[in-house]
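Read from first to last, the chains carry the letters A, B and C; within each, the first residue is number 1.
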Amino acid sequence: MTEGSSPARAYVLHLAVIAILVVLNFILPAYHHGLLARILVLATFAMGYNLLFGYVGLLSLGHAIFFAAGLYGAGLGVHHFELSVPVAFMAALACGAVLSLVIGLLALRTSGVAFMIVTMMFAQVLALAILYFAPLTGGDQGLVLQQQERVVHLGDTVLDLTNPMTRYMVALALFSIVLLLTLGVVRSRFGRVLIAIRENEERTRMLGYDTFANKLAAVVVSGVICAAAGSAYALLFGYVGANFASVQYSILPLLWVLLGGAATTLGPLIGTLFMYYVVDITSGYTSAYLLIVGIALILLVLFFPKGILGTIRQRWVRWLP
Amino acid sequence: MAFGPHLLLAVLEGLVTSAVLALTALGLSLVFGVMRVVNVAHGELFMLGAVLAWAIATSIGGSPAVGFMAALVLAPLIVGAVALAAERLVLRKVNYDPEATIVATIGLLYIIQQLALTFYGADARPVPPPFNMRISLPWFGYSGYKLSIIAASALLLVVSWLVMTKTKAGLIMRATQYDRETAQAFGIPVDRVYAGVFALGAMLAAIAAVLIVPISQAHYLMGQDPLLLSFIVVIIGGLGSLRGTVVAAVLIGVSDGVISMFFSPTLAKMIATLLVAMVLVFRPQGLFGRAVR
Amino acid sequence: MMPLMTTKGLSRHFGGLRAVDDVDFALMPGEIRAVIGPNGAGKTTFVSLVCGRIEPTAGMIVFDGSDITNLPAHKRVRLGIAYTFQITSIFANLSAYENVALPVQRTLTDGRSKGQVHAGVTEALERVGLANRAHIPAGQLAYGHQRLLEVAMGLALKPRLLVLDEPTQGLADSEIENFTGLVREIARDATVLIIEHNMPVVMELADRITVFEAGRILAEGTPEAIRANATVQRAYLGGGDD
């Protein structure tokens, strides 16, 4: 994180991770290929969460609202308003930006436990609104997006998002952009201020920084990233459902980030990947998937508060961003 | 039915909700007030109380009154023991750090919920009320059992108030709430007070659940609404204030009863949640609480 | 000459307690002003009002000719008022380098080059003699070095008014000597407002001294005048030591 450490190493590591993910596109068996595409999108959601929770130290229990804003922004866009896929994606980002700005302005007046509860309540309002406006949103059932709604026309090129290869590469592209963006932000002056706010907000203020404005900017960047992940999820996997707005989808990114390591750039990927496969493997034996989530949360808090990459950084690889 | 009696019915139903809510929220408020942590699994402890009530009443059999009374005694004790174990094994280990506690109690929430689903199943099951008596009002008959819930809750709240204000245990709790370090310096075993308060909070939720289960059946997802409503009550009433909690519970319970009689419950819940979030943003000390300087 | 900073009728009440009570104060550019007084006299509250960490109950504050009474703290810092905390308040988990990089990048409004931040950090750390400890986490520095880091952070803001709240508290005698030299050097291009209990330090450094008691200014003058002032002696200098 310091400017003294060599930035090249970090970029090489991240590019290598992306390169491995590109190669996996061509060698993974179909089942894991599909799973990994989903994981990449959800890991993007987790990266958005990590920016706020890991680097600024703001624990939100309502980030499902931004994911759902993107999900429904894009999903309703192509389904009801016949927007093209790129336009729907941009519309979803705009939804995320506006929503995160409003929520940031309100929720950042509080701190600590109150911040957690307020964010959870705002997310709850959206979840209820989705159920209430069932004629538009499909309510509990959700909406299934048809294949013709998920085709991108760029000049002569046609990208069919229902094609597994295309789907994987689009998911990876989004993931890579957000990963490098996170790395850039963390190493920037803005990132330095965010970390300072996490460490000691009052001191940061007395060094002349408008901590409220910086936190607000972080909420908006985080919200837009989560909305991008949500809209990608809708467009790539063709389903828009109310459960993505539920409290559970606010808890999951927290779990993934805690597991992978808060305030590490690659932690969200590791955490999402790990958790997804643990659930996938155990669901062969038991349907009690929530039990595993619950036990994982408690064990992490008790014994492993820095997560996988956080511990690795602390013990061995100090330069890890 | 005319509007007047309709409204009366709505208010009565609302008062039953308030009675249960006040007990549940008091448990949450007590834990927050004394320990300064938020127990997100509170709703699941409520659910556990209801499910245990069904299990106890069913296994005892015989007269409904006997089964119910056994449940009313045993279910809260078991729930209290579960809470005590969670406090000793988890909360104490993270040193009551507010954020770690929230994450850990979310974990507890999922564990209890999943275990209830696995061992109790996805069905809603009733517990027979201890007595069946209809009280006839001029316009409609009303369940005597429901009225007895209101009475029981009121009694428990009065007892809680007396314990908090008149007994040594209450004094110790208030001293710990006021200033943990000073309390410790005066020889109060803060550690044990915390364990006791956490168990007591859970037991209040369990009692509330046993009282309501003859009316609303036990179900593994029934903890979600009480959690949200308790949050709302505690926030509106001001954290850690018993009087505020009761006033807010009646306010929320009755308005919930009246609103959902005339409007869509989803819309009502949506508006209520938004309003409460705004209270928390603009008046964090609650509508009845006093500002902390 | 126009004062750099003045307060007029400045008050702050906490409930019934008048922590700062109707204070009129003026600070000339370039001077080193010491604020002394018994514990609870309102010294820290007074400088906190000046930096904007707390809001006044009444009165106004003027800095460099403009009214800053309602300006938030971070904007006052940008105008050139820097505050170093009484209780060491550094970023313990970040390196000394990062600690100083924050205020340095704050003052760089134009250039985006990393070289400028680096040069600024190195200069500030060198001035307080911590350049060789740049990459140690601040929390692992010795206490005296943490105090110096705190000052380096203040310096890096290139302040016009540097407020030091009991900077020598907890320092060894040899460190204090170093410190007074540093403050004198800082005063060459900044005005210094220093709260200090150590009387020899005050007498040696200050151009003028303001004595607070019970939220009010009891006396003000040169070190010699304050030393000779009978009221001050009764209220403070004679009244036991600190």
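The rule is short, and it goes like this: a residue touches a chain if its C-beta (ideal position, glycine included) is under 8 Å from a C-beta of that chain, and two chains touch if they have at least 3 such contacts.
Just so it is clear, the structure is predicted and the values come from calculations on it, not from any experiment.
Participant: Of all the chains shown, whose C-alpha centre falls nearest the centre of every protein C-alpha atom combined?
Facilitator: A
Participant: Counting only C-beta pairs in contact, which chains form the busiest pair?
Facilitator: Comparing chain pairs, contacts are most numerous for A-B.
Participant: Relative to chain B, which chain's C-alpha centre is the most remote?
Facilitator: Taking each chain's C-alpha mean as its centre, the farthest from chain B is C.
Participant: Just give me the whole-number Å value for how far the CA centre of chain A lies from that of chain B.
Facilitator: Chain centres of chain A and chain B, defined by C-alpha means, are spaced 34 Å apart.
Participant: For chain A versus chain C, what separation do you get between their C-alpha means, in angstrom?
Facilitator: 43
Participant: Could you state the distance in Å from the CA-based centre of chain B to that of chain C?
Facilitator: So the centroids are 51 Å from each other.
Participant: Scan chain A for residues touching two or more other chains and write them down.
Facilitator: Residues of chain A never touch two or more of the other chains.
Participant: Would you please write down the residue numbers of chain B that are in contact with two or more other chains?
Facilitator: Expected reply: no residues.
Participant: State the interface residues of chain B toward chain A in the complex, per the touch definition above.
Facilitator: Chain B residues touching chain A: 38, 90, 93-94, 98-100, 102-104, 106-111, 113-115, 117-118, 228, 231, 235, 264, 266-267, 269-270, 273-274, 276-278, 280-282, 284.
Participant: Please output the residues of chain C touching chain A within their complex, sorted ascending.
Facilitator: That would be residues 51, 53, 72-75, 77-78, 82-83, 85, 89-95, 97-98, 101-103, 105-106, 114, 117-118, 134-135, 153, 157 of chain C.
Participant: Touching chain B in the complex: which residues of chain A?
Facilitator: Within the complex, chain A touches chain B at residues 59, 61, 106-107, 109-110, 112-114, 116-118, 121-122, 124-125, 128-129, 131-132, 251, 254, 258, 288-291, 293-298, 300-302, 305.
Participant: Quick one: in the complex, what on chain A touches chain C?
Facilitator: Going through chain A, the ones touching chain C are 1-4, 189, 192-193, 195-196, 199-200, 202-211.
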